[in-house]
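Listed after this line are the structures, all set down as structure tokens.
You will see subunit A twice below: alongside subunit B first, and alongside subunit C after that.
The block that comes next holds the complex of A and B.
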């Protein structure tokens, strides 16, 4: 036993050092050197701030000025911030609103986005011009898009949307589209459904504005995916007498799986931390999780709670992405 | 050779990364401040001043004041940062976290006074005020009260903003009224007649979007019903009883009866002011800047028809003042992490900008904080309604100066908004408001 421990000391440190040494001097030397700038940026701008945020979320973090010297004090408080959040009805209300915002947006993107992409994949006159037009909303800065939709959804008679609906006699009085405390008074069935979900007019209105802005990128990605599907598959299906729907269900949709997963992961992450449009139009009136994180930290000075909320957003995004990825690999296998 | 050079470089970079990781651990954000100071005060000095984009004392007015100051003190340069209101608080908060303040002087809203005093973000100015302000009693006590916490003056009053009652006399005349309302029941009657006669679709518009402006209107309305204090003498919230509850019911009823434009629930102060100045509504309750807007041809369609008046009050209440308003005072404060050698210069700037002489130069921009200036012949000439202003100023309610005011305000905003819209019944919303504020530990 003794001889074994003498002859075979713990090999790990030696081996690890040797591996590191070889990594920096061996055949992969330039590989690592070229990768280094990206690693440095990743560490400096992502890893360190992330760890710092995690540390903040586990502390009773506050700004203190002592002796004319300002600092961020972070006395350890364990998981108190997380417990506080999970016990808060406001947090769960924000959580519900965030999930609703994500789910409704994703459903629109997958259905409408794929439908538009399939249409655009057909040969027709002016196809290229149409593709450019569809892509224009994506090029508009988010803040500009938010303000534009603020004007469209102005609650007065002269708001663009109200004016249109009033002229068409769809509504009798203007609707305050961006009111976070109201339901659609003119559509009782919708009000009923929304109230049972705890939703309001503002969140639906913002979803419409946000989708107008982001749908083009979904369309472009799906369109790229469609163009990788070999035409021969469709020809073979046509020879076999498959209908259009059957071709879509059995060829298009399965082969779009990988690109749809990318779209879903990308958009899930964006939607769960959506901030700009909501803040521009509602400030703190529609407290989805990202807004709540900002308010906790920068209005109330509770940086620990703000950091904890941010981490929860990250974990939810990670969980949903994990499900997508797992499902994707399962389908591929 | 190449390999040896490469391994040296690799080790160097590795060490750099390691040290960078160590260094960033618990460090507070650096200030980014740019005070160019000579140690003995001989060199050029730059004072960084945080100010807000707003009407009244605009960026241009402030630049003009700075020019005069720089002429008086050639070795000092005033460097402004202008931010919208929504970013001011977070800018002060993050600057406080820096070892040295990013801003040497900050514009402080009165609702932040309690927090800044409680957390020590700004310094008390008592020593400076006692030494350099010969006649502090010339500033009304209601204004000092907004910036004083436990005897400590946390900011020097700079901007005496408060709300006025505005009405369109032409519309009222069409409805058969010769004057504006003096009581709440008169006001309600006038609004009903204006609507019934189809003179306007919605007689009234206010800024009831879920923001601080809503709290101001709620406090003021409670004041119109007799008491705008949302907390009693023991510091307990009283929104679910008395005038505060009446105010909430009043706001909800106006919404339900279509007497207030439903768009008020998404409107801020400038939006509500525009609705009034463009002749869409007959009434607006708003800050003093509306007087200028409604009387200027380029911003108003009702020039000559807009009247500024005392607020109507519920019969039997507010007899002494004949009005009830809300304060929106702003002061100039010195952050606690402003370097010691700059504090005296920071105070010199504050003293200069808030002085009666400087305020007297800008009477067209803003109501002055000094009573002698407010009652001067120049003010009477520029602002014929100055007596009404005085009445409303004397009738202001201050929002509570408590250290967690912004958390309290957020709760008030949420439930007031829901109560007005009818998503939650008024009494239930008021009870929830009280319950949640009590849970905060107030």
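The block that comes next holds the complex of A and C.
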């Protein structure tokens, strides 16, 4: 045994070289190689930009671009940008609008979205085709959706919605649905609710258009969740004499819990992104946080303030993802 | 006794029939809500301009024309709407396809390692990818812009497809890793080990055994990445706003910024831009749903 190993020629005489050789041939080496591109992308395009945003937000940052080459100046200014934001009423109005947008959308999604999913989980004629049709709005590109709702909610009497309501004599004059400084003239109770919340017509109109586009993904995910609930549970409840509502409350809702929370958190993240629709339809008329960050940096050239707003959005997003990840990977953490 | 039971059964059948009628009415409502805006968009795209600004609004494509579609394919003369449309279409196809390919290669490689290996910090890395996927684009556009025009300005990336591909990749990579890792986790490790006993190397077993088994996952993540890139608006708006690199969403938005805002043209462009994603949903929607639920529900 011993003599055998001695007689074999040793390919690597010293131990450091041998370690190196094993590092290159062992599978751990290949693991790192496979992981490397993704790690580089994560560090270079997410972590460093995020840290750089923090750095810019702590300075009086300005960028001057001449002939395609820009110069950056970042004179340190401490937390002045944040103080400025927290003291400005515009920031808090943005904050309230973002919050309203989020709450109203989530409310629609967990009520209407779940209701449609439960409805579609019944047996009916043409079920397969119906499922595809309901999913289609989600595939429409966001900008196309914005343009479409822009036409539907056009403030002239030839806007599709005004046309419909005028013909049905529901309203007498065209409504400027997308006007961010108005309240619905014809629906006084709605106007009252909106104005007491400091909101306007436009934000509600945008929520409706946005829900047309995003409700399908909620419906489809909840439907997938419903289909994992064993039929036997409902059978047993039926034998016990449970009514439809009771079955929904005691079986469906609790078992939908996990997927509902996932949907909620995913949608919350997307709502923080809600930029495209508001920008294309309102420009800067309805400044939710993401619009404000854009405007501060790219219209006013105040990159420090823009970075501060962006960083606040990023922090909120990270906080929400933390809750999400904790919930999802309970067993691994 | 038996007649009473029959009576109750009849009553129940009666009630069931009404419930079903109510159900079909509600389904009809959902169908109208879903289809009415699409119908409006389609008829608008088939109208002459005058038909989009008259009251009462014609509810049929009247006066009818194919011109709005025709003008998108009328040739490559510089500066024309057709030129800009075809250029945007080309850019959208190139950037979305390149992003999808890069994401699938990098993402599934990383997902494989995160699912199979026992390297240190594996879970923390997975979480970081997941969190990066949830970070809003808007939180990172300011530094991207600043990097592109200052530190990296000599690379000339501003206004190029290349820049968009790099950034799109970073935004959907987390999603790919997250979904693929779950797919790899569902495949028993014995299967792979059996192949390795037969003398296959780890790489061969990855390509020959694992990839075919994870095809549904690859389909789902690939299609999702494609859809996300196809839809992107904010990155082109800030980082590629000039004619050389803009994509379809940006082209459609630019139509609305012209001095004459022509709804019929915007509608036609919008429908053309929506066709690829709608086809993907109609034919492969099933894969996308299973991918999303595999990633989010975790069993």
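We adopt the following convention: the second predicted complex is superposed on the first by the 276 of 333 C-alpha atoms of A that agree within 3 Å, B and C clash if a C-alpha of one lies under 4 Å from a C-alpha of the other, contacts with A are read in each partner's own complex, and residues count from 1 in each chain.
Here is the rule we use: a contact is a pair of C-beta atoms (placed from the backbone, for glycine too) under 8 Å apart; a residue touches a chain by one contact, two chains touch by 3 or more.
On a predicted model such as this, the values are computed, not experimentally measured, just so you know.
Enquirer: May I ask you to decide whether A:69 touches subunit B, subunit C, both, or neither, giving the answer as first, second, both or neither?
Expert: After superposing on A, A:69 lies in contact with both subunit B and subunit C.
Enquirer: Taking the superposition as given, does A:212 touch the first partner, subunit B, the second, subunit C, both, or neither?
Expert: Second partner only.
Enquirer: Pick one for A:156: touches subunit B only (first), subunit C only (second), both, or neither.
Expert: Both subunit B and subunit C are touched by A:156.
Enquirer: I'd like to know which partner A:299 touches here: subunit B for first, subunit C for second, both or neither.
Expert: After superposing on A, A:299 lies in contact with subunit B but is clear of subunit C.
Enquirer: Which holds for A:52: it touches subunit B only (first), subunit C only (second), both, or neither?
Expert: both
Enquirer: According to the stated criteria, A:92 is in contact with first (subunit B), second (subunit C), both, or neither; which is it?
Expert: neither
Enquirer: In the superposed arrangement, which partner chain does A:32 touch: subunit B (first), subunit C (second), both, or neither?
Expert: After superposing on A, A:32 lies in contact with both subunit B and subunit C.
Enquirer: When the two structures are overlaid on chain A, which partner does A:319 contact: first (subunit B), second (subunit C), both, or neither?
Expert: neither
Enquirer: Between subunit C and subunit B, which one touches more residues of subunit A when both complexes sit on the common chain A?
Expert: Per-residue touch count on subunit A favours C.
Enquirer: Pick one for A:147: touches subunit B only (first), subunit C only (second), both, or neither.
Expert: In the superposed model, A:147 contacts subunit C only, not subunit B.
Enquirer: Which residues of subunit A are in contact with subunit B in one complex and with subunit C in the other?
Expert: Subunit A residues touching both partners: 30, 32, 44, 52, 63, 65, 68-72, 156-157, 298.
Enquirer: Over in the complex, which subunit A residues touch subunit C? Could you list them?
Expert: So the residues of subunit A in touch with subunit C come to 27-28, 30-32, 34-35, 37-39, 41-42, 44-46, 49-50, 52-53, 56, 61, 63, 65, 68-72, 116, 119-120, 122, 124, 130, 132-144, 147-152, 156-158, 160, 163, 166-167, 212, 216-217, 220-221, 224-225, 228, 258-259, 262-263, 266, 269, 272-273, 275-276, 279-280, 290, 293-294, 297-298, 303, 306-307, 310-311, 313-314, 317-318, 320-322, 324-325, 328-329, 332-333.
Enquirer: Note which residues of subunit B are touching subunit A in the complex, please.
Expert: Those residues of subunit B that touch subunit A are 3, 6-7, 9-11, 13-14, 17, 20-21, 24-26, 28-29, 86, 89-90, 93-101, 115, 119-121, 201, 209-211, 261-263, 265-267, 275, 280, 335-340, 404, 406-407, 410, 413, 417-418, 420-423.
Enquirer: With touch defined as at the start, can you tell me which subunit C residues reach subunit A in the complex?
Expert: Within the complex, subunit C touches subunit A at residues 20, 23-24, 26-27, 30-31, 33-35, 37-38, 40-41, 44, 52-57, 106-107, 109-110, 112-114, 117, 119, 123, 125-132, 134-147, 149-151, 153-154, 156, 158, 166-167, 169-170, 173-174, 177, 202-203, 227, 230-231, 233-234, 237-238, 248-250, 252-253, 256, 263, 266-267, 270-271, 273-274, 277-278, 280-282, 285, 289-290, 292-293, 296-298.
Enquirer: How about subunit A: which of its residues touch subunit B in the complex?
Expert: Per the stated touch rule, the residues are 24-25, 29-30, 32-33, 36, 40, 43-44, 48, 52, 62-66, 68-72, 74, 154-157, 173-174, 176, 178-183, 200, 282-285, 295, 298-301.
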